[in-house]
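There are structures below to look over.
Same chain, two partners: subunit A is paired with subunit B first, then with subunit C.
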Partner chain A sequence: MKLTEIIDRLSLDVFTPVPDPEADVGGGYVGDLLSNVLASAMPGSLWITIQHHANVVAVAQVTGLSAVLIVDGKRPDDAMREQARTSGVVLLGSTESAFEVAGRLYGLLVTER
Partner chain B sequence: MSPRSIARAAARRGIGLIAVADHNTASMVDPVAEAAAEAGIGFLYGIELQTREEVHLLAYLDESSACHRFADLIYELLPDRPNRPTYFGDQVVVTLDEEIVATEPKLLVNSLDLGFDEAVALVGDHGGLPVPAHVDRETFGLIAQLGFPPENLRFDLVEIVEGVLPDGFGSAAPICSSDAHRPEEIGRRTTRFTVNATTTEEMVLAARRIGGRSVACVR
Partner chain C sequence: MRFHVRAGDIEHGGSASAKIKNELTTIGVDEMTARRAGIVAFEGEMNLIVYSADGGTLSVEVEPGAILIEVRDTGPGIEDIDLAMTPGYSTAPEWATDLGFGAGMGLVNMQANSDGFEIESRLGEGTTIRCRVDRPAPAGVDRQGGP
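Coming up: the complex of A and B.
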């Protein structure tokens, strides 16, 4: 499913430009341990996390993730947004919990297919 | 662990300098400082901060007053969740003579509402020495939680548990400390500093190997 469609269907906040609106999201990954995400997340996935340290941007970039979805209403600071923007990493947000967002994303990507 | 039992165990094991770095609190530094003086060993004030990312960061300070000012600020960043003694035990504050004078109501194992980078800056602002704790450990270590050291930060000293310093810490020097939670763990890991005085400034100079000073984990 296209990233822009997911943003729309899940009513996500968009903190950075979306360089490629046609980008396809192949799956999701939920994790707050960045070492674990580095080791296990699949490229093209949407990463759901409560972490909003600047290292999140670098992890998303090197892992080739389609976007980072920061949940629980937590928000990236200006420095993180700027770093994401220059790295081409998409930062999204939701006030919902990881459980709720992951459930709805699973519905979109897996159950409805 | 009572203040005197800590200081005496350290002295008995040939340790010349100890620090107390309790989790998000400095409530027990003064009685242990007194006990260290009694036992004839050096003492550094400390706090182990747990940041928003669940990274442990040690803050070492030279003076009691600075440590308490810092601790007061940290306390405001600790969530207002009560301790549950049945799970976590009582968080008691005792004197040198082991008299219980207070019980900390807030749960100290929680994370502060403070990001890692902010925490490092805050320690420096208070004249403290920030040292990432047990960076190579799978729980609460910098590498596990954040993947790698943030590029914008430089440390003089980094605590490791075993092996070698992970990549990405530049010219930082590794230190090893016991992280003792029980008496028998005191001194299980130590560091040898060659310094002119037991101050944080001298520790930094040792990390930079200035003027014949040095620092190395004891293996």
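Coming up: the complex of A and C.
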């Protein structure tokens, strides 16, 4: 499913520009331990986390993730936004919990297919 | 490519690795190899930031068949390498675990994403980690064969 459609269907906040509106999201990964994300998240996945600092952007870039979705209403600081913008990483937000957002994303990507 | 990484510089943590992955992709290294090299570099870079006494260097060499990554510091050294390589074992300080570091998977991830992995460490002298990430042979080329 296209990232822009997921943003729309889950009513997500968009903190940075979306460089490729046609980008496809193949799956999701939920986690707050960065090494676990590096080890296990598949390229092209949407990463759901409560972490909201600049190191997260580097993890997303290195791992080749489609976007980072920050949950629980937490918001990226200026440094994180700037790094995301310059590296083309998309930062999204939701006031819902990781549990709720992951459930809805699973519904979109797996159950509805 | 060679980067000096400062101890405690969490603000820039991962920026060298992101540049490395970008550069590898730009010069034509395939995405999966660049990703593996990027993960190795990221874990090495974060180890320098979180654990080294005085920072260290992160060096990358691109060869036709492999990416070579070396992470070197001057201390404090690892007392028990087998223990440090145990998945889940970590000595990360609380400020690092609050940020999602210190899962005890750093060295494990470096090894898992490498085709060659060496670690040397002496207490009081420092640690050097050398990783080799093999590149797949281009279609139609057999590296083992030929004259």
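The rule is short, and it goes like this: the second predicted complex is superposed on the first by the 113 of 113 C-alpha atoms of A that agree within 3 Å, B and C clash if a C-alpha of one lies under 4 Å from a C-alpha of the other, contacts with A are read in each partner's own complex, and residues count from 1 in each chain.
In this section, a contact is a pair of C-beta atoms (placed from the backbone, for glycine too) under 8 Å apart; a residue touches a chain by one contact, two chains touch by 3 or more.
No experiment lies behind these values; they were computed from the predicted model shown.
Under the clash rule set out above, the superposition-derived model of subunit A with subunit B and subunit C contains a clash between the two partners. Legend: residue contacts after superposition of the two complexes on their common chain; A:H53 is shown touching both subunit B and subunit C.
Applying the stated contact rule after C-alpha superposition, one finds that A:G64 touches subunit C and leaves subunit B untouched. In the superposition on chain A, A:S11 makes contact with neither subunit B nor subunit C. In the superposition on chain A, contact of A:S87 is made with subunit C only, not with subunit B. In the superposed model, A:T95 makes contact with neither subunit B nor subunit C.
After overlaying the two complexes on the shared chain, residue contacts for A:L33 are found with subunit B and with subunit C alike. Between subunit B and subunit C, C touches the greater number of residues of subunit A. Residues 32-36, 38, 51, 53-55, 58-59 of subunit A contact both subunit B in one complex and subunit C in the other. Considering their complex, residues 10-15, 17-18, 21-22, 31, 35, 38-39, 41-43, 46, 99-101, 103-106, 108-109, 112 of subunit C touch subunit A. Of all the residues in subunit A, the ones that touch subunit C in their complex are 32-36, 38-39, 43, 49, 51, 53-59, 61-64, 79, 83, 87. Within the complex formed with subunit B, the residues of subunit A that make contact are 32-38, 51-55, 58-59. Chain contact summary for the complex, subunit B toward subunit A: residues 52-54, 115-117, 143-148, 150-152.
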